[in-house]
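So that we are looking at the same thing, I have put the structure below in structure tokens.
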Amino acid sequence: MERDALKEMLGQVRRGKMTVKAALEKMKHWPVENLPFAAIDHHRGLRQGSPEVIFCPGKETGQIVEIVDRMVEAGENVLATRADREVYNALREKFPEAAYNAAARVLTVVRKKVRTTRGSVLVMTAGTSDIPVAEEAVETLRIFGSRVMKAYDAGVAGLHRLLQHQGKLRRARVLVVVAGMDGVLPSVVGGLTDRPLVAVPTSVGYGAGQGGIAPLLTMLNSCASGIGVVNIDNGFGAAVLAHRINLLGEKRKR
Amino acid sequence: MERDALKEMLGQVRRGKMTVKAALEKMKHWPVENLPFAAIDHHRGLRQGSPEVIFCPGKETGQIVEIVDRMVEAGENVLATRADREVYNALREKFPEAAYNAAARVLTVVRKKVRTTRGSVLVMTAGTSDIPVAEEAVETLRIFGSRVMKAYDAGVAGLHRLLQHQGKLRRARVLVVVAGMDGVLPSVVGGLTDRPLVAVPTSVGYGAGQGGIAPLLTMLNSCASGIGVVNIDNGFGAAVLAHRINLLGEKRKR
Amino acid sequence: MERDALKEMLGQVRRGKMTVKAALEKMKHWPVENLPFAAIDHHRGLRQGSPEVIFCPGKETGQIVEIVDRMVEAGENVLATRADREVYNALREKFPEAAYNAAARVLTVVRKKVRTTRGSVLVMTAGTSDIPVAEEAVETLRIFGSRVMKAYDAGVAGLHRLLQHQGKLRRARVLVVVAGMDGVLPSVVGGLTDRPLVAVPTSVGYGAGQGGIAPLLTMLNSCASGIGVVNIDNGFGAAVLAHRINLLGEKRKR
Amino acid sequence: MERDALKEMLGQVRRGKMTVKAALEKMKHWPVENLPFAAIDHHRGLRQGSPEVIFCPGKETGQIVEIVDRMVEAGENVLATRADREVYNALREKFPEAAYNAAARVLTVVRKKVRTTRGSVLVMTAGTSDIPVAEEAVETLRIFGSRVMKAYDAGVAGLHRLLQHQGKLRRARVLVVVAGMDGVLPSVVGGLTDRPLVAVPTSVGYGAGQGGIAPLLTMLNSCASGIGVVNIDNGFGAAVLAHRINLLGEKRKR
Amino acid sequence: MERDALKEMLGQVRRGKMTVKAALEKMKHWPVENLPFAAIDHHRGLRQGSPEVIFCPGKETGQIVEIVDRMVEAGENVLATRADREVYNALREKFPEAAYNAAARVLTVVRKKVRTTRGSVLVMTAGTSDIPVAEEAVETLRIFGSRVMKAYDAGVAGLHRLLQHQGKLRRARVLVVVAGMDGVLPSVVGGLTDRPLVAVPTSVGYGAGQGGIAPLLTMLNSCASGIGVVNIDNGFGAAVLAHRINLLGEKRKR
Amino acid sequence: MERDALKEMLGQVRRGKMTVKAALEKMKHWPVENLPFAAIDHHRGLRQGSPEVIFCPGKETGQIVEIVDRMVEAGENVLATRADREVYNALREKFPEAAYNAAARVLTVVRKKVRTTRGSVLVMTAGTSDIPVAEEAVETLRIFGSRVMKAYDAGVAGLHRLLQHQGKLRRARVLVVVAGMDGVLPSVVGGLTDRPLVAVPTSVGYGAGQGGIAPLLTMLNSCASGIGVVNIDNGFGAAVLAHRINLLGEKRKR
Amino acid sequence: MERDALKEMLGQVRRGKMTVKAALEKMKHWPVENLPFAAIDHHRGLRQGSPEVIFCPGKETGQIVEIVDRMVEAGENVLATRADREVYNALREKFPEAAYNAAARVLTVVRKKVRTTRGSVLVMTAGTSDIPVAEEAVETLRIFGSRVMKAYDAGVAGLHRLLQHQGKLRRARVLVVVAGMDGVLPSVVGGLTDRPLVAVPTSVGYGAGQGGIAPLLTMLNSCASGIGVVNIDNGFGAAVLAHRINLLGEKRKR
Amino acid sequence: MERDALKEMLGQVRRGKMTVKAALEKMKHWPVENLPFAAIDHHRGLRQGSPEVIFCPGKETGQIVEIVDRMVEAGENVLATRADREVYNALREKFPEAAYNAAARVLTVVRKKVRTTRGSVLVMTAGTSDIPVAEEAVETLRIFGSRVMKAYDAGVAGLHRLLQHQGKLRRARVLVVVAGMDGVLPSVVGGLTDRPLVAVPTSVGYGAGQGGIAPLLTMLNSCASGIGVVNIDNGFGAAVLAHRINLLGEKRKR
């Protein structure tokens, strides 16, 4: 709509109904928000294909269903994180293609085919209890379009468990390493690769440093370089970062 | 300069050298930063008379002198906080009107008369060790133009010490209350007034909660309402907030 | 009653039954609490019109109903914060004018017309999850008599979302900015305004710095000046401070 | 039983069956725990009249009933802290004199008359939410034998609320001051008295410093001297300390 | 001076120049601080003999000397804590009776004979590094008038080191127990006595919980009851509390 | 399978189909994970007899039953820690020899006789509430094969309670000392023994340092040497360490 | 040397002196560390061109010079971080090409031409005090071979300061955003870009959350996605991660 | 001396001068500290050969020299930890056999031959900056009599650096693993061994978790079992524990 106001003014200038000085003066007082802000958001155009994302906590089931409804109507794929099964039950009647990853508590509605990268992101976990966070990352990566490899329960306690994944380590373009307890895995993996590595501490553990503080600190202080850390249990954030990195390795045609 | 580019384009539209559509298109790709941003900064005009402020830590004496030099030349009053005496010594040869408040570690160069409010800000401290932080607030308030009253060492240990300042408490428009150790003073003063109160925890103290954490928490948890807290030792920030509040009580003529 | 004792003594002095010296001596030993304390509370008179406030946690429904009862009988408007719906259900039979803001968990009983300020307080939130805290502030501001504007979900992630509220930013006399997660909004808003700004961290978020510590620290360390911070989730406290500031801008007639 | 072994050996020495040297040698190797330890516990004798105390958390109702049973049989008065009503229900059938203070969650069985001190302990609270902790102290003091005065909801927000208790402040021999939120009360009271003061932080409050850390730090950093602090919500511990202090002021006859 | 105003008013009432009602009205508006506050400070009279106390950090040597000067002239004994030797050097020329305890960093000027209690305070330390804090307590106790016993380096590592002080433990009326590192001593001593015990954590130690947090937490969580804790390194505060407790055990004549 | 590839290559070398140099070259590029990793795990062979261990939290009952099933079939004894009774109920139908220690929440299935050490581990607790953690250690020690002695509720508050266990202290080869609240017991026991001591803080306690931080810090800062600390409530970890130490004292035959 | 043992064995197999089975058996027991570990480090070959890196703290000048010496001789470029000028002075005599970035405290010796990427990394800072950390990143990026753009002092307090860098924001392939105080910049920049963003908190600031904790928490809790965080002041680590990401966008020829 | 009193009493019993009952009564009141406490310290006799240990911080050079003097005279070997070179300089004139390990800041005076164990303790460090702490452990182990192996700079960043020490890992009886930064090494080593492992966090590192908190938490939360943790930088404590464990593996003859 602002575009119309601007067009109108330019028309007046063109038609000599408004002097250049007056137009300049008017624009000076034109609040920024009314100017066509395409420039700021221009890159958003490149993101076409990205899903719309809903962070569910603090929203009621009814609200979420409504939001999904509007998004799907707008032709978007939808990703809802930290969603309870109740939300899924409410959705699947209306959207039979809705899928629910119970471990990850992630809900997706995919109607538009997702174009997948050739390079892949390797998602690793130290233990089995870290898998829900890893699965949140996996679901996010997939709906954004990154190819995914998994290496779960690769923990350090038995080094051979880790080393058997060395092939995947070499083939991956980006790594997402998820670990709770002592959070040691990214440090060890970081010593075996020169790929960008996104480390995700989880709230798995107990006692001192519980709630994920221990693995968070371990990762921030890692002796291995090239590690970027996200917040505790933030599989989604790790996936977005990994996907953006992964995209850089794709050829132009994408 | 961007103004010129815009003027030029508008002139072309006016002279029929550019269609409205082309102008619109061009503006769509015009990066935001090149548009005249007066709107965002419009209110800055109201702040005429505000001094320029330099936060000294991490800057070398030479750099500070140079910055002050440029500011004074631009006709501004200058306030430098957390300044060492060495900076003052370097400055006063060039600017004989430079003044240094050693306790507050505040340096001022005032060439343009500061217009003072009729309402006043009362700056209180619990103990004598809190005075440096209070003085930073006082110097800031004065160069911004707020009238200042002081009530130092009004601590709670002897209640009568506080109660003897009750007259000032009633006359002040805004209060800045500075306290270290247990940080109790704002809670008690807050029970005696209905004026806005800015609380400043100081790093005075030792042992548990040292470095100002104890008084900070006390102030955030105050049973008295109407208290806004700033960072530990942040006399400057408290003063800016108190001054902005104080200005609201002034008549329009200011 | 103490008034009577004092009156009696003064009468004795007047009637010559007691010497001035004896009266002085007697008053010297008269415990402070027995003296008429009007002076301390004198300013309370100015606050006429303020509602009585009940902080519900730790009080039983029956107790709250009783307190409200007494207050309403005394002719006061009542504001109860952090109230469960159960309290509302218990109250509305007796007080049909009782109103309940479920999001804010605020309960109000307004029988006496509230006189509203001309200047207004702008209450902003970064996200939708911060709205309950903002609504506590809004309800408090309204019953205290401050005009309110709202700008919810103005978060920084998309800058244009914030900039579209620039008109309100210019019109407001005081700002209350509510944010969880990274708590970035007050810093950004603080760079766009020269009004007093009350920042409210919320407990929205997870992982490191959860429970509101992260946004609290962000706000205390804000690069923007003129920000006063209140405790996490303390919408009520922010509103009281904002209202006191707002009052300063009103003309005398109020 | 050890007593018997010792008696036996001494008898042998007396009867000439064992030399002094052999007895000395034997005792040298006698493990400490087998020696009559009366000396260590000698002062315990002075405590006759003290109740037996049970800290209930982590014990099942059945266990508690059994312990109480044994104690009552031994002729002792019983004090059980942090007891659920369920425990009380289980007990009162057997011990009709069992009493339960629901706010304090304290359960007492008093069969032996408690001798009460002439001096008294004043138990104060800042707010109404601090009363449960205060009541734990009161119940403890009473069963230990200290006379108790109360001054609840004496908080600092309105100074007159505190000052009206000044008479009690002067009459008390020891003070127990209970406060959550900002924990300011002991600092203010400490400025009005020269009696020993035991400060009890409570977990009342929210946001930064929640769980009682804020008032704990306030009390440890108090500008007033002569304050001893106990753990958060530890009304029992405060009472034991206050009682021991109170006893010192009693005449010898006790 | 206020006394004069009050006297004048009473005189007017007596002379019939002012009605009782007018006097009452006038007093109602009389600010509290102008009333004779003897009542609040009445108990201060009992403290005659207490020294004046100076907390030196943050004060310049010149200032301290001046304060001491005024105090000595007023006939008071003086106690200065955390005083550097430089202060002592500056003082002793003027006051030859000035004494300096270098370990405790305590400076005293005693001109008026201190009357000493019959009961005594036992000051214990766990290790030799805790002695400076203990000595601050000892110097404070002595100038306040409490008889002092010492049991230094009584640490728990070798239990016999502690048990050899059992005689003193029985004779003391109050205990001050000073400990850094693990802060275990008060818990163990608390199991051996039924006297009031003031626990002082010290900043002795390193690594996790350094700066005294470890022993502070140990003491607050002590399984032994009857322990009041003061701030880290606060030998002075512990002594004031212990002295107040000790006084309660003295006979009336004192 | 890798074994086959290696065998194949060696066969080619043997048959002269591949030169030694070519084989060397090929192995140089052979990823580590494909080599027979027996060497790394070689010592595992020594551990024959160790049970398989399952940490239950985050695993569903069904999953646990399945894992146990596979382990038992493989002929292993099974230890499941932090197991709910529900798991036990599900298991005992299938495995009648399953045993459940409800306090410790430990579940064991022992089919293969455990060979027991001659030396023993003494497991001590300070209070009764620490027993569940101690029992986790005891169950772990037993199924690993360490002889166990117990000394529960040996807390320091009454020193004689501890000293009566001195015989066990002398007979034990390793000590596991479990304590919550102030965590004092390992420091005191450490002063009475020269055996290796494993200290386990528990989350028993409340207020400051709750969740086990207080005893953890006490133990890390212990004045007694020769103490190794494990995570809060980690009875299992303490037992594994104690068992490994205990094994060192056994003769070779084991 | 291990190579020789392996060669010898293979030779025996080839010469029929050892059966395939025996060779397999022997290798099974061959400790891992004796196998040619090229495979693990194979990817290191890809890193040719990477400099050798020295973290100076805790190393003496002499040691550093010696290490540099060996590296340069081996033909490597050298990067030494957190190096004092003293180290530079000691080095430049021997290596005239040594360069020292005093702000960044980074020392480089570049003898081998560094091949530079076509894509570039944009390094931004919020304030001028964050520049040293940013410069550490810049120096690291350059010697690793990433093209660098800078946008310093782009802080959020004045939004226009940030928006004027929008062109660079669009051209950069990866962003490194450095901020202390409130750490707000990455959140705001993250809302303007869809590039991978590495956030570096700095220890710039004071009071609550000092030492970098405040900006660290802000960044971890950022509402903007796609942000990877490194440790406080870790410009080097951020650069290594950014460089690895940047490399992914380069064409194969590199 | 107490021995004499006891002997005297026994003599009286023997001579019939005192009844058994009277003797029993007398002993009942005999303070514990006066009884022959050999039993408690009996095991100390076993420790013959242990050096005397001095923790230097907080002691003056003169005091330390004096303590060493007395110890050496008593025929003991001496170990002084955290000793400045100044102490060494003062000592070596008097004791030419004094040796100083500058990195470890450990000073030893060995006059009595130390008998060395056959089993050995492996002391590992992650980086070179951790060596001082490791050396404190090494010096302590040697003077207590444990054979020592070293594996320094075995950090995890390059896994091969660790794996090359696998031989030592297999030969050691006990491990002491020292690590700062992320503290990952004990977790990885713990997965490669079944020996008791003592983990020592160091204060090496910066930023979040600095001062050793990060590696401390990592170690406490280690996924590998059988790890005992000591305080940050506590090489001495780790050595004492490791030595006690090591001793258990020695044959009886020692």
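Letters A, B, C, D, E, F, G and H mark the chains in the order given here, with residues in each chain numbered from 1 onward.
The rule is short, and it goes like this: a contact is a pair of C-beta atoms (placed from the backbone, for glycine too) under 8 Å apart; a residue touches a chain by one contact, two chains touch by 3 or more.
Source: prediction; values computed, not measured.
Comparing the chain pairs E-F and C-E, the larger number of C-beta pairs in contact belongs to E-F. The equivalent interface to B-C, defined as the listed pair sharing over half of its contact pairs by residue number with it, is F-H out of E-H, F-H or F-G.
By the residue-number overlap criterion, the interface of chain B with chain E counts as different, with under half of its numbers used by both chains. With centres taken as mean Cα positions, chain H sits 59 Å from chain C. Centre-to-centre separation of chain A and chain F, using mean CA positions: 39 Å. Put simply, the C-alpha centre of chain D and that of chain E have 25 angstrom between them. Shared interface positions of chain D, i.e. residues touching 2 or more other chains, are given as 31-32, 37, 39-40, 42, 158-159, 166, 192, 207-208, 213, 216, 220-221, 231-232.
Inter-chain contacts occur between A-B, A-C, A-F, A-G, A-H, B-C, B-D, B-E, B-G, C-D, C-E, C-G, D-E, D-F, D-H, E-F, E-H, F-G, F-H, G-H. Partner chain C is touched in their complex by these residues of chain D: 128-129, 158-160, 163-167, 204, 206-208, 210. If you check the complex, the residues on chain E that touch chain D are 39-40, 42-44, 46-47, 119, 166, 170, 173-174, 192-198, 216, 220-221, 225-232, 236-237, 240-241, 244-246, 248-249.
Residue ranges of chain G in contact with chain F, taken from their complex: 3, 6-7, 10-11, 13-14, 16, 19-20, 23-24, 27-32, 35-40, 42. Of all residues in chain A, only 126-127, 155-159, 181-184, 187-188, 190-192, 205, 207-209, 213-224 touch chain H in the complex they form. Taken together, the chain G residues at the contact with chain H in this complex read 31-33, 37, 40-41, 57-59, 201, 203, 211-213, 216, 231-234.
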